[in-house]
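See the structures that follow.
There are two complexes below, and they share chain A, which is joined by chain B in the first and by chain C in the second.
Now for the complex of A and B:
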């Protein structure tokens, strides 16, 4: 095949491929988009099932935010639950108090979280490793208390939380509210993953990864380390904030106790288990966060009764065992482990 | 709300109208969750987490329904009781209740526990028109049939209880100067507002000091000192168990001996009064509505004997000193009465209707003289309590059963 080169010297065929996702990914996207029709009409997937799927995708976006920061920029964060909460409350307050349409709250949540993340990134410049982890941990612990603070109660509604309602599908589409929101969440997720892919493939992405690999070398090469670190913090917060806003809309409820420290840990665990430096890892991580939360309890009960253990297992025992096993066998996360397997099978 | 549910509801309502007009044509009417052979009931309880002590209530209810099923069920139908753990976390409650309603398709949700969890699902249940019946919390907002016709409480609401304390103070204390310690949230404010309403506008000035605390505070020592220095001779103690114990202990330490009213949620001898010190707890007044299993006066009582047999057979590992088991027993008995009255008309609307038409219903293990009453405008089943004073090592009832017509807010 004759390769025509363009002005940049990159073969035309390769450039075309770089623009959009590969063919198989298109197939997956189309299949996912058709789920409401296929699953809904036949009753295979209940509304509750679509809620579960939407939650998995939402957590995938949140985990993606953390992956951009930690996996691709080397800054650790134990406090992404805080940005999730800020995004969720932004959306909830706008919908509940100002009667904004749900789709308009997403850009606002994104902007607010970017600013919050950027502002947090500024002092975080001085912190590395453990100290940054502690600082973000403090943020995660503080946010629920801020939300309960009595002087903010006039708009946060304090401990009672805010109830909002899912929007009905527009244009009278024959979908249920859950199915429509599933499509919305899917569309937003695809858009944000596409943006992330392009970000990572660009000069900014290379700068990010250079900083992660060796900040001093990067700055010697002319990369403005401080600028990129704060901006990436902002972008990471933006992603997690949009996830929070979507979560508020589909879950129809926010409260300070919805965003406790455990959420930050769950996002981090999801990122590591999925694959800390891979985009597909975010998807795996998102699924992991949602599935584990629900099934750790049930699975433990089933195993306890099946194996007739004499002791009463705590629900999270299985979770702990699974984590240890995963980290031992797949230190690069599930996505990393699968990629390794794929490469070995292909013999390269 | 899907079209199917609306149609079913309209059909159910129409059938009800027909059935009411011509009893000869009474047909079986079901909503999702009810069939000829079973009634599906949903529930969430904190079986894990900070409030897991309350999980005993869920276990008691489960055991009670097993007993009912063993005795033939209700009108020939077995109860299928589905209960999930929500860890007292409102988001988990939302998810589990959505699962119950949309996936497990229960007929209604019963005895969901805790004010925050129930607040989280309050609007959802009413939007979906699924009964949120006999919730396990005493906040007054559960008795609001006009705005939330699908939600109903069971135990005496906090406002009623506080109003009764207020009335007792006005009747028995000469020249009262009232100091209040209040947890600064939904539950605390509920008690305070009821108390003020019971005092009446003219008497509100009798409150000389209102001290508040956050549930995240480590102690309430400074608030107690503040209250003593205000010169109050009456103390209304609106605290959850941990802080109640601290308050009682501190009052004794600083030598403050007011007339002490303690809210019903913190009257556990084992969890509050023993740690605070039984000596320091002498003379505390509270409001009871159930027979305490540790009270020797009920040892030979028919209800108590039956309860003991139930515990022996269905909850042999249960703690016979825990009032959670008597609470669960009483509230389950209430639900069984309501379901019996529904007969073959097991629509959600009829369940609420029957729950809202209890007339002087007597339930096992409630104090003699306390009866349940509900109507289309009164969604507070139990509004009577009897005062008790802590003497020696247990609560001694005194006076008569007091009722209070709390106006729904």
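Now for the complex of A and C:
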């Protein structure tokens, strides 16, 4: 393996990467940003299509949160739906009760989720592997009940949930509400991914990965394991919470039963499918979550009729089988698998 | 006072179910160090199998052993086919596979039997006896079956060569293998036993909560809580923990209601049962991860 390294031992490729995103990424970003103008005006993409795209991006942010925690810090969470719910409810309640503008709720949702995640991270410090998975599993299962708690009802509206309205584009821009929210979500996502990449390239990021690889060795090297683990839990919750807030805004509705255990599973599946320790993987995962949610029904119906099964298969069966199969064939997810394939093709 | 006794009694009955499920969880944890998130759905699936056999006209006492055997084989199959290749995989992979199994069994049950709730007849005769004001025959039956199961397992592990081999494989796989124990098969056996115990738990719980694919979610959480309270490495502890958690759950709801009635302040009630379980799980995990009766594992560097 002949990798060129610079004087201070950092691989050259890595240093280059740190300077800025490659040209093609800029291209993709510009293309995505132009979609409302191009696709919307020509009628290629309907408003519903933009809603779908926005949801994909939202799930990508949520999955990114879990990837930061699990993929880069080694803490398993089966309960990220809880932070998603907290973010969503923070945004919805602020808009509904205090009539805040939607954009102002995002930083608040981020802050609230950071605090909640940090607090949950404190007991999680003592837990590892399966135990942490168990504690977060309990969290995920308990969330809907928690949201229905009687003393919260005056602002959560109990079982009924909260209806909010999608904001109109400002300054009289010639865009539909869906197109505008798509741009907002895209901008937030780019900002969050940029932050995540810089975080991982920083001292904190290296500490996170050191803890993941060997916590004891990291602490011997002077890394404050407890501090980093709780802070990363907070940051991870922050990401997923912002995604939840965006979801509430573009979906215009929150209710306790939209944050059931299935949501936590979906986020986990997204992270695993995309690639648990890769930022592009988060995008793949986000797209996967939304596509499955949308098309799994149709897909399973087709499979059922194609092989003449006596029972109507359900999407979750396919979900489960895909999950298990993926663990065998591509444990690093689709993004990881493709990267591996690419490296093999280049023969290095 | 009478109400209190009634609450404790029905708490014990619920506890019997949690104890059964906790026992199944412990079986897998002891032999493979994994926490089986699919245990609840497996038990639910088994309960549906029993229901199906009853529908076909089998008597309960034939259906239950048959399904328990069938579940045993499913458990062994899962271990041998799905989990075996992942023996050295990171924990995340194993957890994800469990979640996949959960999804598969949940949706399969829904696809085959549908989501309408089904009545499940109690296998125990409806007779009245001393104290039947406090506790129903089905509840007594649940407690009895759970205790019977515990005695059976204790005897199995304590007095049979196979039980000894399983304990050896769990405690020290390398030495056990050197002594001629087929460790791989012992793990599969642990899985099979867990699935069979789960089948019993599912069948016992079905008459109490109605049969449907979602019936196990909250019960599994309490099973976890029970296993953790008692110590997830100790079968006896898990059963004790299950009973403790069951009584605790009912008492908390009872005291919450009492408080609301006397002072009008609502803090906690039946609607917060899962939150109570969550608090129990996190408290035990942070304060005493080994539970009341478990042994502390020392990590080797």
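FYI, the second predicted complex is superposed on the first by the 321 of 348 C-alpha atoms of A that agree within 3 Å, B and C clash if a C-alpha of one lies under 4 Å from a C-alpha of the other, contacts with A are read in each partner's own complex, and residues count from 1 in each chain.
Just so we're on the same page, a residue touches a chain if its C-beta (ideal position, glycine included) is under 8 Å from a C-beta of that chain, and two chains touch if they have at least 3 such contacts.
This is a predicted model, so every value here is computed, not measured.
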Legend entry - Clash or fit, chain B versus chain C on superposed chain A: fit
Legend entry - First (chain B), second (chain C), both or neither touched by A:145: both
Inset, instruction - Applying the touch criterion given at the start, work out whether A:299 contacts chain B, chain C, both or neither, answering first, second, both or neither. - result: neither
Inset, instruction - Counting touched residues of chain A, say whether chain B or chain C comes out ahead. - result: C
Legend entry - Which of chain B and chain C A:111 touches, first, second, both or neither: neither
Legend entry - First, second, both or neither for A:225, with chain B first and chain C second: neither
Inset, instruction - State whether A:253 touches chain B only (first), chain C only (second), both chains, or neither. - result: first
Inset, instruction - Mind working out whether A:190 is in touch with chain B, chain C, both or neither, as first, second, both or neither? - result: neither
Inset, instruction - For A:160, decide between first (touching chain B), second (touching chain C), both and neither. - result: first
Inset, instruction - Give, as a whole number of angstrom, the minimum Cα separation of chain B and chain C in the superposed three-chain arrangement. - result: 5
Legend entry - On chain A, positions contacted by chain B and by chain C: 145, 150, 315
Inset, instruction - Can you check the complex and tell me which residues of chain A touch chain C? - result: 70, 76, 78, 123, 126-127, 129-131, 133-135, 137-139, 141-142, 145-146, 148-151, 216, 261, 265, 268-269, 272, 276, 311-317, 319-324, 327-328, 331
Inset, instruction - Mind listing the chain A positions that touch chain B in their complex? - result: 46-49, 51, 145, 150, 158-161, 163, 165, 176, 251-253, 255, 257-258, 294, 297, 315
Inset, instruction - Flag every residue of chain C that touches chain A in the complex, lowest number first. - result: 33-35, 37, 82, 85-86, 89-93, 95-97, 99-104, 106-108, 110-112, 217-218, 221, 224-225, 228, 266, 269, 271-275, 277-278, 281-282, 285-286, 289, 301
Inset, instruction - Give every residue of chain B touching chain A within the complex, in rising order. - result: 2, 48, 85, 89-91, 94-95, 98-99, 102-103, 116, 119-120, 122-124, 127, 184-186, 216
